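Next come two complexes, and both contain chain A; in the first it sits with chain B, in the second with chain C.
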Partner chain A sequence: MNSVSGITLRGVKAVPVEVEVEITGGLFNISVVGLPDAAVREARERVRAALRSVGITLRGRVAINLAPADVPKEGALLDLAIAVAIACVQGGVKVRKTSLFIGELALDGRLRKVRGAVPAAFLAREKGWDIYLPEENAEEVSLVEGVSAWRVKSLGDLFAHLRGETELARVGYCEADFTPPQADPDFSDIKGQSAAKRALEIAAAGHHNLLLVGSPGSGKTLLARALKGILPPLSDPELMEVLLLRSTVGNSISSVRERPFRSVHHTASAVALCGGGTTLRPGEISLASRGVLFLDEFPEFTRDVLEALRQPLEDGQITVSRASGSVVYPAKVLMVAACNPCPCGFAGDPVEHCTCSPSALERYRRRLSGPILDRIDLHISIPRLMPEELVSLEGKCGESSAEVAERVRAARDIQVKRWSGYGIGSNSEIPEKLLRRKIVLTPEVKSFLLRALNRVRLSGRGLSRVLKVSRTIADLAASEEIKLEHVAEALSYREGEALSWMKI
Partner chain B sequence: MDENLKTLLLLNSLEGQGRKLWFALKRGLMSQDEFWKCSAKLFTELGITERTIVAIKKKIDMRWAETEMEKCLKLDIRAVGIEDEDYPAKLKDLKDPPLILYWQGNKKRIPHKCIGVVGTRRASTYGRRTALRIGEYCASAGITLISGGASGIDGNAHQGACISGGKTFAVFGTGVDVYFPQSNANLFREIKDCGALISEFPIGSQGEQWHFPRRNRIVAALSSKLIVVEAPLKSGAMITAGFAAELGREVWAVPGRIDEESAHGGNKLIFDGAYPLIDLKDFFETNTRESAVFSNDDPKADQVSDIDLSHEEEEILKVLRFGGGQTVDNIALEVKMSAADILKIIAILSAKGIIYSSGSGRYSANV
Partner chain C sequence: MSLERALKRSLQERNKVSIQKSSGKDQADHSKTLPLHLQTGKYGEEKAADYLTHIGYRIIAKNVSCRHGEIDIIANDGDEIVFVEVRTRSFGWLMPPECTVGPEKIKKLKKAARIWTENRKYTGFWRIDLIAITLKEGRGPSIEHIKNITEGIL
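Up next is the complex of A and B:
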């Protein structure tokens, strides 16, 4: 006998759940065993009503077993599998090939969209099974190559298909479009801010984390959003990773190859950011994986949230451990943090006056320091433009995102070529050992750097970050040698330099 | 143990009333022995209040002065009495010179010619920068710098003197062992090396509000010239300037923009007759000639002229010299270069220390 299976999610992986049904005489009763959560237990009512709508009326004692028995099952996506398993016993339906059935049932037998369709499709592909899924999930699954998937509108259609009366439509594979998504906002939409745009370009090229400091209204959020538009489109393996995550939480996909951009509010908890919770969901840092994680009002985040971010930023993945086991989520993000220069926001502004007391300033800046800032390679302050400055920039729109993206792509290609033998993909990931060996400065540049180091008092870690950023700047200029101008520019993105005007 | 010092320590801790008793001792109305016996009758005759007498009794009973001296020994603090030969003579210009100066640091004496620098804690980038450079100039001219150790102008002035190897003294409104503000703790440690921390307040005193105007009068008295860098109308710096004027010290003020509140004080001083400080180089040349320690080490002038600048660098520097606080885009409007090139040159110029970041994403030239 071919088994009927559904799935339950474990991290971003689908675990097959075999559904067994036994119906015996007695008073009407449905029981579900095998660690079902509330949503699964409630499936009884949905399944009963949906079956009735296609003419199958349940009688007697119905026992439903979800195997393996020791894995907790969650979500409404087991509805369909349970309905099919019952129909196999009572409704004359035959499953000719082992298949996965996923979908939430409406009382009238329609199928509703579920989260987890992509992980399920991966599982089906791996096992060589067929998969039946709701019409609304077909779009995301169509991006996965080599899956034998059927789109199901309602329970009636599915039973007709299984009885061999009619044929359901298949989900065809369609390759994701490679034309780069429209940048929104485009670089050319942002007036002035050449310095910040340049920093974004470097960040995108070398995957360097970025801190934007500027008064309210200076355009920090706009700039952060524009970063997405100059990153190269997702490659196929990256796309699959992003698709998996989005499907796991049930987010829809808009522009397929566009990189994710997640903006997190500062009241977010560590769990919301890093993932976890009783039902194990990926956090914002995983949803932003392969894209941009934007933390506005950076100093307002609680300390433990920022501390929790450290490890995933370093490792590119996050392991969430619970009593029921641990799951690994990807967390390969480009972090963009933004903050005001002081609590009132106007420190260093040429017109507005800062009204903060010195002690409030000190408290604020103390929150701005700390280990998390050590993971940020580029520090940049953004001027709030005066009305007359904005007017004078009218009509000068500068480069478009597409032009910048082209340079970023070229620089990334150089890095991939250089570092492919070392298992790293970008300059920001160069390990310390390799840094000393592979980044060689000419004597002239070295002495310049030494002089500068004395002035800005750079730590060892700070120095390696300057070197990494210099490497990226040289790559952007397609220069194999790191020149003085590259190092000088890298130095200007150092905290002590870029934010020197903020000192108390 | 030095009986005299012990008496002074105790008297110093009594503030105004202590001074009365000290005069009595000086005029021979009372002997030291009589003081330590603490006769209420004698004290009342000398016009000492009931409260103070109780306080004196308590302090004598708990051997306060002895403990204070032990603390001094332990923390390596000198207590310089008013009759000590190291006691700065200029303080005696005050009508109420401190009886004791607690003194922690390498330098044992304050030279006669010093420059005091005061200003607001909420300083602008311009103000902090100016203070820093005054400190540097002082150091290279070999002039001692006095200030109050607060954040903002004070801290930057000290900093400038310290990093350029000059001498500087910080006058505290707390005990010399109480670092306030904490954020300046590292600076204070440096000052101990290249000068000293001084205070009239007993060891461990916290910064009461009324301490700071008292501290200011010492800053004013110790300086032969006082520079007000940036100060709003109502501020400690203006109080210091008032003391300095009363004591007949030269008061200088750095002019500021008239639409900035933090410059009102300095501008008002100039209006009222203080010297405007419009050229640091000039000011220090004049002053060094006076103090006959003429030196050619002009920190900035050499540095700038020594470095060869390319044509593009010159051009950008010209724009910034004409008006500071420019963004990259503003410069791009003035010179015929792409924004990317300007950024590159700005990076090099600031690495060379010729220009600096004067505000969020804005740049100015070092003169």
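Up next is the complex of A and C:
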């Protein structure tokens, strides 16, 4: 194994790329082999200029081989590895310990930020290698424990370090802090809607999917955004998963423990939402993993986009398969969908009159297929507020987000304690076999469920989801067993009035 | 090793040329009757050779012609052989001399240089330089040395 390696990304995994350089006599020429993409091929221009800036002038025929030869290499992060490999041959630099070098070079030898630093750090930790990375990537890598990482400002500094003249700074491990971010908007800023707030609390506690149905201006979007403020902070394993994905797409981290919240416009394509493209990038559903995926104007999404969401919502992961390979991305999202009850928005409204024609209603309802609605655990209608409620501007409206967040956190702790042995973190992830074995119902509750099932038609999955939601409601009440009121509440979210307009 | 051999051969050639030059008396007369633009070129090449020796290059050969054209100066810069194209412009030209070397000319130079190195089985480093000389009225000529002109063309 050559001691100079770079990486290329394959999904959220870093694949080590060995960089070999041969220089022979002749007229100056650089060739790169080993399936480079355009960005890698252009690296030779950047590398040449950067090397000249530190006093290494290239000459002769320079052949750069990127091994393994059959893996396509992408991105600009191989620049540094190529430059170091060349300097080893021509510039009197010696790399003693096998190391990963990642970074994009500027023409004057500075290092630029790259995407994929965290996957590279994971690889380095796994193999026990050193890793050299740009200064700007040091922050995200500092959250990964047990990595021997060095921060590099410029090529000159790195070469001085490798020659033993000066010492670079190490990237120290620092634990992410738990301080909860300011909720914006806060629950106490939202007037009325106590039923919706309760449903949001359940959704946040159990990571259940949510559908908000309401007329225009009733506060669907506001409520969805307020959900962010009551979610518990990311745990360590979750943080690593989120960090990997963020680093893969090059998103910067602002508040570390904050759960992702991705709001997607309804013009998004299936690839944008689920991931793909020639480089197999993760989609919004993966970027929102462990957090919230908010789909406003749900029926306006094209049908194939909505149907593409079915499988990841069920499995909690998505397999992106293209000609260039297939990768598995996590997709453990809390999906919040918002929609109007009809095109004009006033179906079921006590005051306003719905002006939609039957055929328009029919068309609108057909956009939401049964299978996708079946995967949403909580259906809530958001009524318009009465004029008196709207005008009462002063004062707080109910609990603040912090109070709700505290209850949610307690419920999550119970879940984590119960399910940690099974590798799951929330009630929504309970697999079928565990559900049957672990969720024991009293005879009284069972007979109630039976009676309810005779009235409302629930699919097998529907019933499982009702049971999961009941478990969450029981956890919120800190109750060990699932009581009748818990099941009744869970059922009401599924077969309540929110979707009554669907069945007219 | 190969560099030495290549140098030896070119030295022999140069000696041959100089012997021929000194023996033929009418050749000197001939150069006087050269047209003006060729005289300018010759003057520039002399200036360029002086300049190269001044900065420490060793001149191996001058005006080596082959099928693909002529190489004005072949010099030795350390362990590297430099093929030099000299361009001279007298005062009053609108186009700077370095702009007169286009891709076609570079292609020819590369071919010629490759033939020269291959004939001598030279496997070391080599490059192509351009020396642009602008003649000025009343003052000495300005000399500009552009190294490795094929570097940007990958």
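For the reader, a short list of remarks on this structure follows.
To be clear about the criterion, the second predicted complex is superposed on the first by the 422 of 504 C-alpha atoms of A that agree within 3 Å, B and C clash if a C-alpha of one lies under 4 Å from a C-alpha of the other, contacts with A are read in each partner's own complex, and residues count from 1 in each chain.
Basically, contacts are C-beta pairs under 8 Å (C-beta built on N, C-alpha and C of every residue); 3 or more make two chains touch, one makes a residue touch a chain.
Everything numeric in this text was worked out from a predicted model, so none of it was measured.
When the shared chain is aligned, chain B comes close enough to touch A:E485, but chain C does not.
With both structures placed on the common chain, the touch criterion links A:L227 to neither chain B nor chain C.
Using the contact criterion defined above for the overlaid structures, shared-chain residue A:R44 touches chain C, although it does not reach chain B. When the two complexes are overlaid on their common chain A, residue A:L467 makes contact with neither chain B nor chain C. In the superposition on chain A, contact of A:L313 is made with neither chain B nor chain C.
Once chain A of one complex is fitted onto chain A of the other, the partner contacts of A:G25 are limited to chain C, with no touch recorded for chain B. Look at A:A195: by the touch rule set out above, it reaches chain B but stays clear of chain C.
More residues of chain A are in touch with B than with the other of chain B and chain C.
In the superposition on chain A, A:P358 makes contact with chain B only, while chain C stays out of contact range. Of the two partner chains placed around the shared chain by superposition, chain C is the only one that A:G60 touches, whereas chain B remains out of contact. Those residues of chain B lying in contact with chain A across their complex are 121-122, 125, 128, 151-152, 155, 181, 183, 260-261, 325, 327-330, 332-333, 339-340, 342-344, 346-348, 350-351, 353, 356-362.
Contact residues on chain A toward chain B in their complex (touch as defined above): 192-198, 213-215, 218, 341, 347-350, 353-354, 356-359, 362, 380-385, 389, 392-393, 396, 398, 448, 452, 455, 484-485, 488-489, 491-492, 497-501, 503-504.
Note for the complex: chain A touches chain C at residues 24-30, 44-45, 48, 59-60. Of all residues in chain C, those touching chain A in their complex are 80, 110, 113-114, 117, 122-128, 148, 150-151, 154.
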